[in-house]
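Data block below; observations after.
Note that the chains are named A, B and C in the order they appear, and that numbering of residues resets to 1 at the start of each chain.
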Amino acid sequence: MGIADRYAKVDRDVLAAMKRPGRVYLAGLAFTATLVVIGGALWAYQIRSGLGVAGYTHPVNWAIYITNFVFWVGIAHSGTLISAVLYLFRARYRTSFNRAAEAMTVFALMVAGLFPLIHLGRSWVFYYLIPYPTQRQLWVNFRSPLVWDVFAVGTYFTVSLVFFYVGMIPDFAAAKQHVAGIRKRIYTVLSLGWQGTQKEWRHYGMLYLFLAAFATPLVASVHSVVSWDFAMSIVPGWHTTIFAPYFVAGAILSGTAMVITLVVPLRKAMNLHEYITDDHFESIAKILLFTSLIVTYAYIVEFGLASYGENVFEKEAFRYRALGEFRYLTWVMLFCNSLVPLTLFAKRLRRNITFLLVVSLLVNVGMWLERFVIIVTSLAHDFDPYVWGTYRPTYVEVGISLGSFGLFFMLYLLFVKNLPVLSISEIKEHL
Amino acid sequence: MMAFLEKKWSLAVLIAAAAALMALVSLTPAPGRGGSLLLAFLFFITVVEGCIAAAAAGATVNARWVGSVRKELLSVTPLLLVASFLLLLLIPFVDTYPWAGKQGIWLRKDFFIGRNLAFLLLAYVTARRFAAAPADGEGTKSRAAWYLLVFVVSQSLAAFDLVMSLEYPWISALLGGYFFIEAIYAGFAVSALLCLRRSGTPPADHAHGSRSDLSDLSILMFGFSLMWAGLFFAQFLTIWYGNLPEEVGFLAKRLSASPLRELCVAVLFLLFFLPFPALLSTRAKSNPYVVSAAALSILSGILVERFVFLAPVVRFSAVALAIDFACLLLLFVAVVYKGSRGASLDA
Amino acid sequence: MAGPMIFEEKEKFLERLRGLVREGVPGEKIRVITPFGVPEVEEILPRGRSKVRFFALVGAASGTVTGFAFTILTSLSWPLIVGGKPVVSLPPFLIIAFALTILFGALSTFAGFLLLSRLPNLRGIRSGEEFGNSFVILIEDGERR
């Protein structure tokens, strides 16, 4: 096949994905949209009735909403890792994943950003966190980790969105030549009239390099800032210096698992086996294994240091985590995050796509539970025994969480049918 | 001197002589001997384990730059045995640790020395197996991975046991990770220096010039300077913000008075504020003067930092420190020299 | 402007380009259009490194300065002691400055790219000539080759 035909085939294969949706797709879209509507309705109910209906009471005031926030921000990180960090390392294998990964980042951040609003209860006072000159002559408290979150996650969302869009400019220009009607108009406008001249490519190359260079420190810093929401407190189980790298590794772990969960069915449904090969999945699996080892190290150090020293509160907090009311969740978490990924040391298992899919689902569950366990066990059981309590989620929280998952997958389904799912120009470049 | 090093047994003789001298110095009953040896030991294992770890990390990801300095980096493997011997010399010093009076399950003298010694020896064994494997052989990656696992544990133990328990009951959960990242950081700095040394002589067995390898190493040093700063800040911010008396005493002791306060600032400069801007531009990354200055800055930064960790709690003796450092530096240079000549090493 | 020279293969395109430069056609008059970035074109028709990097530097520097200035000045304008921390407490302010460095740097780099590439290109949007996956050489000023 001549090179020109191969270029044309890339165009055809990617654009074939955007043809008329089949029944399975529409069913999936309908299902996720229903979840979103249910979640939205429950949120409206919560705004009307207060956070009590979500099970929030003394002493556990942060639970599933914050878990979801940290979970979704974490998922966003591995998208940036794949597109920005691997670009700086000149890893060729990233070109088949990076558009899907960037989309995952943008949508995960959109979903994550909802949770601080939901968790406010009185969601309309969110503007308290935005630093603008007010007639109250008051500025935000820059010493608070929650304000750091606003800046860090806000920066991350903006930069990721710019990176996502910039990557697609040449692809919109390529795609517009194969579609017609309103879609052609939209792609033409979105491509900004890109022609592919030498000047454009020269500036584009430097822009992409700098965006990747700017996005890379965000991978580490944003989730460090999110972890400092907890580490800046003095609650035992939360106040520890290891949280920053531990959470970043955990974020990459859950993110790579979500990439596998998303891309395995995507590849099958859109017949992209030529572009997304088993080698690519093996590389992602290695990243998953590596970050799982870091997370395991952090577990060992945390549990070990809890019994070291003379801090009885720390000792008790970890005893409760391992053997207390939520012990089953802790054990499932340890199994899913530390033990299951160890199987990926075997090359045969790394290349078994079904096995990878199962591992990724287990890791997703395990990482969600990890955030839940950290947050709830430390709050339920902190310094003073007279305020020890418990926590039970209600249907409102569960419904809103399911709605958030529905929102993420719905956005992803819409992306898959309307925007180019592979980075066309980069694939052609490496053919 | 060079002729002496050519001889097969010269390394063994040097090691024996250095070990004997250091034993003599540290075992004489004078104040500060043990502390000086501890400082020298900590810096030494950071650099030695870090060099091998840098090579191992490069092997697991098929990095290009490893090829040019692999032999030299792996030639420091016998020094891990020297380090094990030094650990034994530190046994009397362990009695001065604050927990020495009330020993528990984890902090008891025999287990304390035993586990550190065990992992140092294990590091030697795994490093030797890794060094014996060919550069792109079948099992090389897994041998490198084994060494890295042992390295992580060995450095974490050095951090938690040897350094953190000096300030018992102070805890910083990140200290273990901090130490092994610093070790790899030092490994890259040494690799850069070795690469520069080699670019005087033409590269023997690889296609690319050492210029691009140097550039790759500079990028790694640049990236690790950021990572180091991040890990440092994670610890500092958490301790500063919580302001808990049992934690903040550690910082207060080191930041409240000169000269330690100035040394702390110096550490920040040597490990971040100098290498980061220096290695920022693409041109600087392949400039030998800038790169060697950055590498030396990094290595001295790690040394000063170890000093700052130990200084408020441990007594030093300038003479012992000088002798220990001179011996270890001499040994390091000798093994690397021998390694670069490709002579076989019998430890 | 003469007709465009269209090539389906990268090697032939580069060969012709080198040929044109050898024949003495001035570099400024040659325009190329490619479906993806081809580094060899920069070697044949060197134009110097892109100036986008200055936008990045200026943006990032202004982000750092803004981050510190904004946090310090607003804290001093309503000096509340919160959580026992000093009014001007640099470790938290460093985090804000870091975030703004990256934000301003990225946005200004993007702005610089749009400016220097003259995008959005309204003529391109309205009348786009489409070359598909071909590599195209255009020579200005009516010289037929």
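By our rule, a contact is a pair of C-beta atoms (placed from the backbone, for glycine too) under 8 Å apart; a residue touches a chain by one contact, two chains touch by 3 or more.
Just so it is clear, the structure is predicted and the values come from calculations on it, not from any experiment.
Common neighbours of chain B and chain C under the contact rule above are A.
Of all chains shown, the one whose average CA position lies nearest the global CA mean is A. Measuring from the averaged C-alpha position of chain B to that of chain C gives a distance of 41 Å. Per-chain Cα centroids separate chain A from chain B by 36 Å.
Per-chain CA centroids place chain A at a distance of 28 Å from chain C.
Chain contacts: chain A has residues 217, 221 touching two or more partner chains. Touching two or more other chains at once are residues 237, 241 of chain B.
Shared interface positions of chain C, i.e. residues touching 2 or more other chains, are given as 85, 92. Remark: chain A residues 217, 220-221, 224, 228, 231-234, 239-245, 297-298, 301-302, 305, 307-311 touch chain B in the complex. Note for the complex: chain C touches chain B at residues 84-85, 91-92, 94.
For chain A in complex with chain C, the touching residues are 2-4, 7-8, 11, 131, 137-139, 141-144, 147-148, 151-152, 154-155, 158-159, 162-163, 166, 170, 174, 176-177, 188-189, 191-207, 210-211, 214-215, 217-218, 221, 225, 425-426, 428-429.
Looking at the complex, you find that chain C touches chain A at residues 8-10, 31-38, 41-42, 45, 47, 49-50, 52-53, 56, 60, 70-71, 74-75, 77-78, 80, 82-83, 85, 89, 92-93, 95-96, 98-100, 102-103, 105-107, 109-110, 112-114, 116-125, 128-134. Note for the complex: chain B touches chain A at residues 106-107, 152, 156, 160, 168-177, 226-227, 230-231, 234-235, 237-239, 241-242, 244, 246.
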